């Protein structure tokens, strides 16, 4: 029973990694997706440096929340300690994605938050996408990857950002992380973040004086899709295809 | 007979939605196409939040001009009230498209009209693409989607813009809408708007002092393709393939 | 015999139009290729407004150098008078291409020549790509398309530009034309122009003070590929695949 | 035995050239890959001006380190003398790539080094990507291609750059060269260089005041993947698929 759940998790994490690749959000091996089984405290994650063409559900690596490898001959992604810190700091998330996707990475490298300039952004991210400070020399020397995760958590804590409403972050000088209730949602948000990053850039070049959209427009769009008063999609009625009567 | 027309309308609207997706003008579910049967006062529109991979002529939703759903188990697009307002304000249009396409959306987010910098633009849009003001807090709180449509109509009315010659608009902080005599034409114009938005941006970055093309060049190109003196295409002679003698 | 040559010309022009489309240099019907049979004074050109999906060697239109249609039920491209003027002004060319390709069009709309910033440019275009002035109101009102061709010829004459070494031009506020010894070469140069237009733009944004490459580097690269001292490719030795011994 | 090694080298060089094309790093014939057999002092390189569609392992040209053609009816790439100079100056490299890829070429044309703005860059290139000065008129007139290679070597020597840690260069006003332990690695680095060039450009436009990442972050990332303390990928454990026990 427990084994079955982990097999399913590996399958889900495999599918999410492939989706990330197929959507053009990673080239070569520049990205990874993980998912967690909260009951067992086990994370499934892409192996380090393995080409997407060689990926399979079988070579997805299982690790504990302490970073111990569970029955695998492959190393997990070098970013695993970052994923672990995020699962620890954000107890309700079920999947994490890291990419070096072109547009979000450009904002991260610029050390700039992505302002909320429009409703596409507001539909999925409640406010500007935060960008962490650079890590200090000491933080980089020791436990670099774990400290990256801790820095993300610190950024959310110190700026009172709700990780449930802001499911993306840029690590300054590095690139984006996204998360969601499962790996699939985290991949979806990586894809939206990329689109939002491009249009914010282009809007800013067209209008260098541009200000973010007003709070009430942000709230309207975000809450139209999220929370108890959401009315986007088929949630309030029957689910599409599931109840055909 | 009436049923047959509505079935055909659903098929046409389905095809137009798929064309929008295939041309890369939408990712995920970020867009929708509708068409209207003016005789019956019935609009066919994409269901809300349904993936393009699951779309079919059958799950296109029919609604009345009052927004009442006609025989469907799915919710129509949340943008339906905007479409309805456009069909009401612009009595001769037969199809409406809304997207968050990358380049047009960037101009909308920048709260800038797209100047007419060249003949590609002039061939299809008679002057600068208008951009609405932002909606007020009150307009957003109540009937947001309907007010979006009303704001578009107001923008055209107050600036004396002819919706027959300017079949596109940017909603400030949001994205573009286009329309035409049928859904197919509206999709075509969305595609041209996207191209025009990119080249206007690039032209402006190359030459920040750039002014729109002169009125007489605009008129020449627009009227070469539209109106009684048009001479582009095969209209003035026999239609291609229809009369092979 | 003469008929056979014209049938071959239509085939060549058809192939070149499809190549233009397949390379992404046109969307919808925004472009056209022509070729000429100099002996017979007959031009083969794309029909006006016909989709690339419906194009065939058979529906390519033949016109004389006076613009008379030779045995066709379709109108030729509305740009035909421009092509005719180019064939008249530039007696050694065999093919002409017009597009609204994204990057070259952006420079044309910006009313700017494309400076020669690098060797990719110098390999194919001997100096900056010229950009014509805008046509006057009078030139647009009467014989607009023919006057576009005359303006191109005027631009080359007045600036002493050799049409054999500069096989591209931007029409201000409009878009690019290219030409070559045959339609295929003209399409090839349209493709190179597009690449050169993008990199010139990006180079300029990276370094706004940028100056063109020195004359001696321009000459080295252009003459490495063109003229009696060319040594690029397989010309000086046996032709690839043609003489396998 | 020796013949067999050269046949394998031609196959490897052919594959690397096709990979370059398939990744979109070259259009038309704008690029070439070579590889070297150090024992025999023989270089295998793409023939000049041959389309990728006609390329095969058989028509890859073999030349000596003195530039003498070994049993081939085709001319080698005109850039062969540049490749030869690089193999001479950098004795441990096994493959060289030259492209006119869009983004790296734009930086080269801008005569600017690509600053290291992020960890994607730091993962593969130890510091800013150098850009050579322009060649002098004299250097261009005589032995232009060999002098290009000598200029690269001079740039590395005079700036004390280690060609083992900086496996890419921009030739001012021209385009990029990359190298590696074999042709495949050189192609991989061309692809990463292209990505890094784009994001550096976009980061700079978002934040014109942007400074390179600190030295300790550069070192952390570069050394995480290279050298004796590397811990990225599967190197420290068993190799993926090679030792399945």
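Annotations
A, B, C and D are the chain letters, set down in written order, and residue numbers restart from 1 in every chain.
To be clear about the criterion, a residue touches a chain if its C-beta (ideal position, glycine included) is under 8 Å from a C-beta of that chain, and two chains touch if they have at least 3 such contacts.
The model shown is predicted, which means the values in this text are computed figures rather than measured ones.
Shared contact partners of chain A and chain B, listed by label: none present. In this structure chain A contacts its sequence twin chain D using mostly different residue numbers, the overlap staying below half.
Using CA-based centroids throughout, the chain positioned farthest away from chain B is D.
Centre-to-centre, using mean CA coordinates, chain B is 47 Å away from chain D. For the pair chain B and chain C, the distance between mean C-alpha positions equals 33 Å.
Chain contacts: chain D has residues 204-205 touching two or more partner chains. Taken chain by chain, the contacts form a single closed ring in which each chain touches exactly two others. By the document's touch criterion, interfaces exist between A-B, A-D, B-C, C-D.
Note for the complex: chain A touches chain D at residues 27-28, 30, 47-50, 54, 59, 73-75, 78, 100, 102-103, 105-112, 134-135, 137, 140-141, 144, 173-175, 201, 204-205.
On the chain B side of its complex with chain C, the touching residues are 117-120, 188, 191-192, 195, 198-200, 202-207, 210, 213-214, 216-217, 220, 224, 231-234, 236-238, 240-241, 243-245.
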